[in-house]
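Consider the two complexes below, in which subunit A is the common component and subunit B and subunit C are the respective partners.
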Partner chain A sequence: MSDQTLGAGPKRIDGRLKVTGQAPYAADHALDNTAYGYGVFSTISRGRIVSLELDAARAMPGVIEIFHHGNFPALHHTPSSMAKGNKVEETRLPFEDERIYYDGQFVALVVAERFDQARAAAQAVKVRYEEETPRANLEQGVKAHGTKKGKGNHSRGDADGAFERGTHQIDVTYTTPVETHNPMEMHSTLAHWPDGRLQVFESSQGVVQQKGAMAKIFNLAPHKVEVISTFIGSGFGSKLWMWPHAVAAAAASREIKRPVELVVPRQQMFTTTGHRPETEQTLKLATDDQGRLIALSHHSVSTTSYTDQYVETCGSVTKSLYSCDNVSITHRTTEVNRGTPTSMRAPGAAPGLFALESAIDEMALEAGIDPLTFRLNQFAERDESQDLPFSSNHIKEAAERAAEQFGWHQRNPKVGSMRDGREIVGYGMAACNWEAIKRPCDAHVALRADGTVYASCATQDIGTGTYTIVAQTLVELTGVPFERIEVELGDTSYPKGPISGGSWTTATTLPAIAEATRHAIDELKTRAVRSGGPFEGVDVEALTFDNGVLSFEGKRIPFAEALSTMKLANAEGEAHTEGADTSKYSYRSFGTHFVEVRWDPLLANLRVARVVSAIDVGRVMNEKTARNQVEGAVVMGIGMAMFERTEYDPRTARVVNNNYAEYLVPVHADQPEVDVILLDYPDTAFNEFGARGIGEIGITGLAAAVANAVYHATGVRVRELPITKEALMGAV
Partner chain B sequence: MTEYFDPKTQGGATSKSRRNFLKTVGASGVAAASTPLWAQTTQARAAETPEGDPVKASAPAPGMSRIQLNVNGVERTVDVAPQMVLLDVLRNELGLTGTKKGCDQGQCGACTVLVNGQAINSCLSLAISHQSDEITTIEGLERDGELHPVQQAFWEHDAFQCGYCTSGQIMSAVAVLNDDRIGQSDAAVREAMSGNICRCGAYKNILAAVQDARKTMKGGV
Partner chain C sequence: MQSFELIRPESVKDAIGAQSERSAYIGGGTTLVDLMKLGVMQPDHVVDTNRLGLDEIEVLDDGRLKIGARVSNSRLATDARVERDYPVLSQALLSGASTGLRNMATTAGNVMQRTRCPYFRDPAKPCNKREPGTGCSAMDGINRNHAVLGTSEHCIATHPSDMCVAMAAIGATVVVEGRKGTREIPFEDFHLLPGDHPEREHDLRSDELITHVVLDAPLEGAVSTYLKLRDRASYEFALASCAAIVTLEGTKVTAARIALGGVATKPWRAVDAEAALVGEDATAKMFEQVALLAFQRAIPLEHNAFKVELGQQAIARALRDAVQQASQGEHQ
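Let's turn to the complex of A and B:
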């Protein structure tokens, strides 16, 4: 049983469902009489719809209805408050008016008897537009109307003055492109209205937020909405908040009085379900003659949409990773004709640390110091941006252990000096960093008379292993093995749980589960000592519960037997746990990546051959799933470093690579050798289990480590992601 | 006698009634295979399973064609329009939702199934072209509660996160492991599996699972 407690690495409790195809994802749910929707999407990026020609489509087989701005029911806006539980990222409703703000915007929705019929009819809808010149990219946005002040700005000391006094200076600009999450499962909604209630099966990272938003938009009492997301084909941030398709499906279902299934086509996953925005980041760093960092400025501009004001906070880590008295962080945005951006795995930090950790590398080399030594000398001992101690920080150990395992000290620092046959080998490293957050959470646990233990919470398992670590928490506190544990997640019928984002699900959910479990055990004991109970008259404080057994002075009764004796179905516990107290500590996770690249100048081929990452995320709850998270984030980081870029035609602002064949993501053949070291120091100041969260940190810094290794191999400093062969051709 | 779905009495092929039919089949007495399940990727399933859909009395609706498919050893009869792809027929008409739609354009591999032993992208294949074909989906690998070695290895090695690409990865892995033309090295497996994207990036564990399953299958045959 010990192999199922917290900290061990049991295989997933839901694993059998996943390997047999039985895990139900949103579009796998079957409802009688379901109709299928397919969108008609705008082919311009700015302008208005003049007319829609629907007759041909209406006459096609199976077509039930075609919705558009001329006949779509009037709905309401959600206030979009995360605190109130009704946030969306794109506040404009689908079919709200005739305006077009971006390529791939919903302009109509065909609903038909079958999927293929809906798609065929959608393709037969003709739309006439009045087109205006779009702002296709960051440069065009800035040129057209400048920038707006964003959030998360920070200043201490005098960064500009200190920069001027510096002995060594770096003043460089980095750019990162739009990246698209591209979870394997396309956004999917199956909506219906049983008895005037709205029930939605959604691929969602945040059912509670979607429920709140749906209630506002359809003007329903909250209890009339249920959102279910028991399994999700991942999201990486794109499924945190509901997108227009879900509203369209729910409204269509209400109008035609049938369940409606709507899957967003892969092409529109690039347009109408969020993306990581384009960024331009200027870094100004200076050191004194000893190589101490005395000035650090990080000024960024990111793109946002015309309908909403998303800000990519690129400098969020720059504030606190290094010790520096003079720091200036600003975030600004510029509007472009693209869909609304949203959080993508490690928002802010992923593009921000590409820039910062590339600049630190440049700064170290400029000052003549080994990049690892430079960092070890100046990692912050406390959070200087908040003037608070870190709750737990082992970044130096992470750097030293990863360096040792990687073989950093065998590195010849001279550019292009390390060869292996035809290939030139480059070594690079970078720090990684992510915030640790704990939110309020509710949970329910029951010890049941059949000997099983049950837990429920509305939070989701998005592939991170939440089902499994909740089960491990129950094993830990009750001694009951997986075989007799049932966990239900991802349904707004269950107690309120957090969005699966920000790497905070573990730290938020497990304390609530644990508290509810303790309450259930207390309830069991209280009942057991009452009149008619198996321990009648015993002082409740003297009664113990251990490994599923109640005992007092040699009398031992398993909880199932005790409940059966009392004719009780169960002993239940509810819990509400609060967010972390942020007044005493700064909570963050830390780590380092070491990367080996190989550059073959003859074939102009670049590949990542090896990665060693050491990660300090507090206590590791499940060794197997935690390692998998970091390994997967490293793979996505390789994509960010070398492949991923959503490309927009500068004339039309239309996405030109809106598919998996042209928007490149890593495949099996790109997989390098990856070794992950998990430091596993419990952060008990943060929560009772000492876990901080692990989903996002692994992608941060990885692209910089690759870029730094590429410089070491080729002498080319690439400041624009992705790092393409073309950028290195000069080094041949 | 197993209770079959009857289109005459149940008034059309709604997904739900189809699914009930499948559940019934799944729960009925399936004889244990005498040779290990994984030794047979597509063949010899018919003998182990009940007879499939009953003969349909009425003619197909206008524009529809009636085809027979052998899906996981069960003879199925289904009316399809010419443009319907195998993936949508499996999912929406036959209720076999274990096969996933990841892109609908043959680029991601999530919809991989075996047709006469060959791995194909079912989203790119017209259902009408599969008359009498033997189709194996993820639902067809398990037998009597015993997982196929590839399924078991995926679970043991945590060779997935979200699980959405997993059906396709497993079907490709079964095909790869049964294809003598594909080498056994890690590099060969990576190359052969590269048509199956895992956006969660569990490639390291998938490779470990495939190589581990190879050993089990060798030992078992």
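Let's turn to the complex of A and C:
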């Protein structure tokens, strides 16, 4: 079974279900008598609703009810605590009052017999607004009311003083635009109330949190809420926390006493389900005459909504990646008329490392040092922000191996000097970095009399391969092959599991699964040695369990047979594992990207031709799904570098490019050769498997590596994402 | 999307009979249904053209190519005669949209496709094309994708088609049929400049149906290319595109057709550039010079000024690429 154990690269156990269309996503679940909801969404970004004309819509075929602030049931706010398991990003409830805070906010919900009837009636609702001048972007927000203090600030030494003393200095500002997650599967909710209990099918990265929030909002005992999310067409962070549509659907269902299904239209995926906020980041770096970094400050402002403060912690990595005595990190926010932002793949670090790793490149060039050498000389040996050793850090090896594979040493440092026909070639590099987190987790495992092994946990597989690596863990511990393993995830009736986010699912879930498996095996052994058991009288310590077989002194009985003999259905184990002990080590993942771009100056055409990434994430649990995460993140990073930008009209704060044709993400033709080196050094200080998580790190630093390569090719230092043609045109 | 009645006539005559001010013909539906869902187009009746035949491609006696209105973009692009005689058209079609969309999209539907101006697609915003007299939101808004040629103070939206750019270069006739009979409209007259009436996009009366597009006979010995510039490598409308067709005698250009997409309010013939090129040596320098002429009257706006240079680059490179084929002995 070695090709199914941890570290091997078995195919996903749910792959067949997905490609044959049998995997049910939230909106695929069919309940009798379901009614369909469709939103009426605000067309202004700031102001209030004066009146709603509903008569025409009410009279349309199939319409059951139209909800709005005048008739929506009174509900409660959730305290929004992640620790307590009831977090949401936008605490305001839909239809709470007549205020409009952002474009595309729910102003009414039409519920009808059929989807098309609900949509037609929703479009027939006329809303009169009293419009106020919106704050459409960061600049307007800051101008109108300045900024507010955010979280995650840090300072050590005297960054300003040291900057002044520097031999070489740079003081530059970078900006990143709003990005929208745009998973393929739209947000959707199917809610109903069997026997006064609320059951919700949701496309969710965090069923436990949604359950807790629903219980608070509807004032229900927690056991009266169940949230189910068996398959998810990705989320990238937008589905970590519940959004207003889910509350709207659940409330509507309770009112009309029928199941209600609500799918958020693609346009509103740009408004009411989160986004990565706009940032402006000022970096001040200085070195001494030896090129040693003596000052590093990273001050950022990001946009948030008027309803909640979300902080994009751009400086989260800057604290600890480089060795430097004088560091100052601040995060501030400014309110704008947009929906509430949320985590998007590598929140903080993705925009933050664009700025930091661009600035490091600028600093190295200013000091006359090769950017790779500059970094190798200054990567921190320990986490200076917490004064703790890293649990495991191989960033130098990552940099050296990737550089070797990429051919960095063939780089001619002179700008624009490397040509290939009509194209100018540019080489750039950047470090990548992401925190490693392990949270508390519960799990349940059963060895069953039919010879199968079963595991369940209320975490989710968001397309990353969680089902598969849980199965691999069971293979490793029980010796039972995939064909006889059943894994159930994504349902709050299972033991509490983590959100699928922060790259912490693997490190959090697998130890709990393993612990529960060991408990199940212990239970099996304990039963087997009791009177009537197949090993009656044997010392339990002497009984072994290997490859699904109990044995003692030459007597070998498969566990299924043992259970059958005892007339038992199963032997079960429950486990609760704790989060990582953060007092002894700083846990982080590391890596580097090397990027080759090609610029055709007479065609204003830029492309990424080649990427080599070396990633140090502890032990690799599944070679295929791990590689796939990094490759996908690299492609998403190319999108961040060159294409992605949610555009808001500066006059109205209304989203302009709210569809897949105009909001650009890379297509196949944009994908370069991607070479991923997985270092695979187990981090056993972190957890028994030594795995840190790999979902996010790949996107960090990538945009900077592209921008650094673009500078090398064109001589244009682009400090504003995305890197557009117009930014480069006119370059020599 | 509002309810509508689907009418499925079996003959051109019945189709025309069923058509009115409040109805729309449907080909592949890739533009129409999209805009109906957004509430931008709201026909009471949709007249299906699927049962009308009109799906043949035939060579006429005078060497022209007659394309049925319902021939799909995929079929047209891969038709052997098109690939041989009009490679520029094949390339233009294949550079557009995606395989799935091209399989659905029809020739007439492509000619008639609406602009991608985001304000046109947002019924909550003023737009002279959607609601005459309400104003143009793009003029002082996000106008990176908008036109620099053929604009008016009332509308700056591009005609987004790639296919039409190649047809403009090749030369074509749009054949339409209405209650009053058949008309043949030269391709360059079919699409209208926005002027004071951006809501009028073409010279088609409300009852008229496009039955065919007839391409001019191919230019003897011509070389050609279609070049499309955009942000990502595929599946995106053009920021600037150029269809170039030239004939050469030795190093001298004897005929030139240059049409532009992505930069203009209709499929755009760069006639000044063409005229300047004929009789001149086919050199990179010359191409750059005539490319400048094509944008002499360009009116750039806040976000789309780069399109002037980008369009010039497209012309210069397309001409170079086309001529390079001639020197490699590859005709059309």
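One rule holds for everything that comes next: the second predicted complex is superposed on the first by the 731 of 732 C-alpha atoms of A that agree within 3 Å, B and C clash if a C-alpha of one lies under 4 Å from a C-alpha of the other, contacts with A are read in each partner's own complex, and residues count from 1 in each chain.
Definition applied: contacts are C-beta pairs under 8 Å (C-beta built on N, C-alpha and C of every residue); 3 or more make two chains touch, one makes a residue touch a chain.
Here the structure is a predicted model, which means the values were calculated and not measured.
Trainee: Who does A:Gln309 touch here: subunit B (first), subunit C (second), both, or neither?
Mentor: After superposition on chain A, A:Gln309 lies in contact with neither partner.
Trainee: Which partner, subunit B or subunit C, is in contact with more residues of subunit A?
Mentor: Of subunit B and subunit C, B contacts more residues of subunit A.
Trainee: So, A:Asn153: does it touch subunit B (first), subunit C (second), both, or neither?
Mentor: neither
Trainee: According to the stated criteria, A:Ile232 is in contact with first (subunit B), second (subunit C), both, or neither; which is it?
Mentor: The first partner, subunit B, only.
Trainee: With both complexes overlaid on chain A, does A:Thr133 touch subunit B (first), subunit C (second), both or neither?
Mentor: neither
Trainee: Using the touch definition from the top, say if A:Pro666 reaches subunit B (first), subunit C (second), both or neither.
Mentor: both
Trainee: Does the superposition put A:Lys624 against subunit B (first), subunit C (second), both, or neither?
Mentor: A:Lys624: touches subunit B, not subunit C.
Trainee: With both complexes superposed on chain A, which partner does A:Lys725 reach: first (subunit B), second (subunit C), both or neither?
Mentor: second
Trainee: In the superposed arrangement, which partner chain does A:Ala120 touch: subunit B (first), subunit C (second), both, or neither?
Mentor: After superposing on A, A:Ala120 lies in contact with both subunit B and subunit C.
Trainee: What is the shared patch of subunit A, the residues that subunit B and subunit C both contact?
Mentor: Residues common to the subunit A contacts of subunit C and of subunit B are 61, 116, 120, 661, 666-669, listed in rising order.
Trainee: Inside the complex, what are the residues of subunit A that reach subunit C?
Mentor: Per the touch definition, subunit A meets subunit C at residues 43, 61, 116, 119-120, 123-124, 602-605, 607, 642-643, 647, 649-652, 654, 656-657, 661-662, 664, 666-670, 724-726, 729-730.
Trainee: Considering only the defined contacts, which subunit C positions touch subunit A in the complex?
Mentor: 1-3, 39, 116, 118-119, 122, 124-125, 137, 140-142, 145, 229, 231-237, 239, 305-306, 309-310, 313-314, 316-317
Trainee: Which bits of subunit A are touching subunit B when the two form their complex?
Mentor: Its residues touching subunit B are 11-12, 14-25, 27-28, 30-34, 61, 114-117, 120, 182-186, 231-234, 236, 263, 265-266, 462-465, 624-625, 628-629, 631-636, 659-661, 665-669, 671, 674.
Trainee: Taking the touch rule as given, give the residues of subunit B at its contact with subunit A in the complex, in rising order.
Mentor: 14-19, 63, 81, 83-85, 88, 91-92, 95-105, 107-108, 110, 137-139, 141-142, 147, 151-152, 154-156, 158, 160-167, 170, 189-191, 193-207
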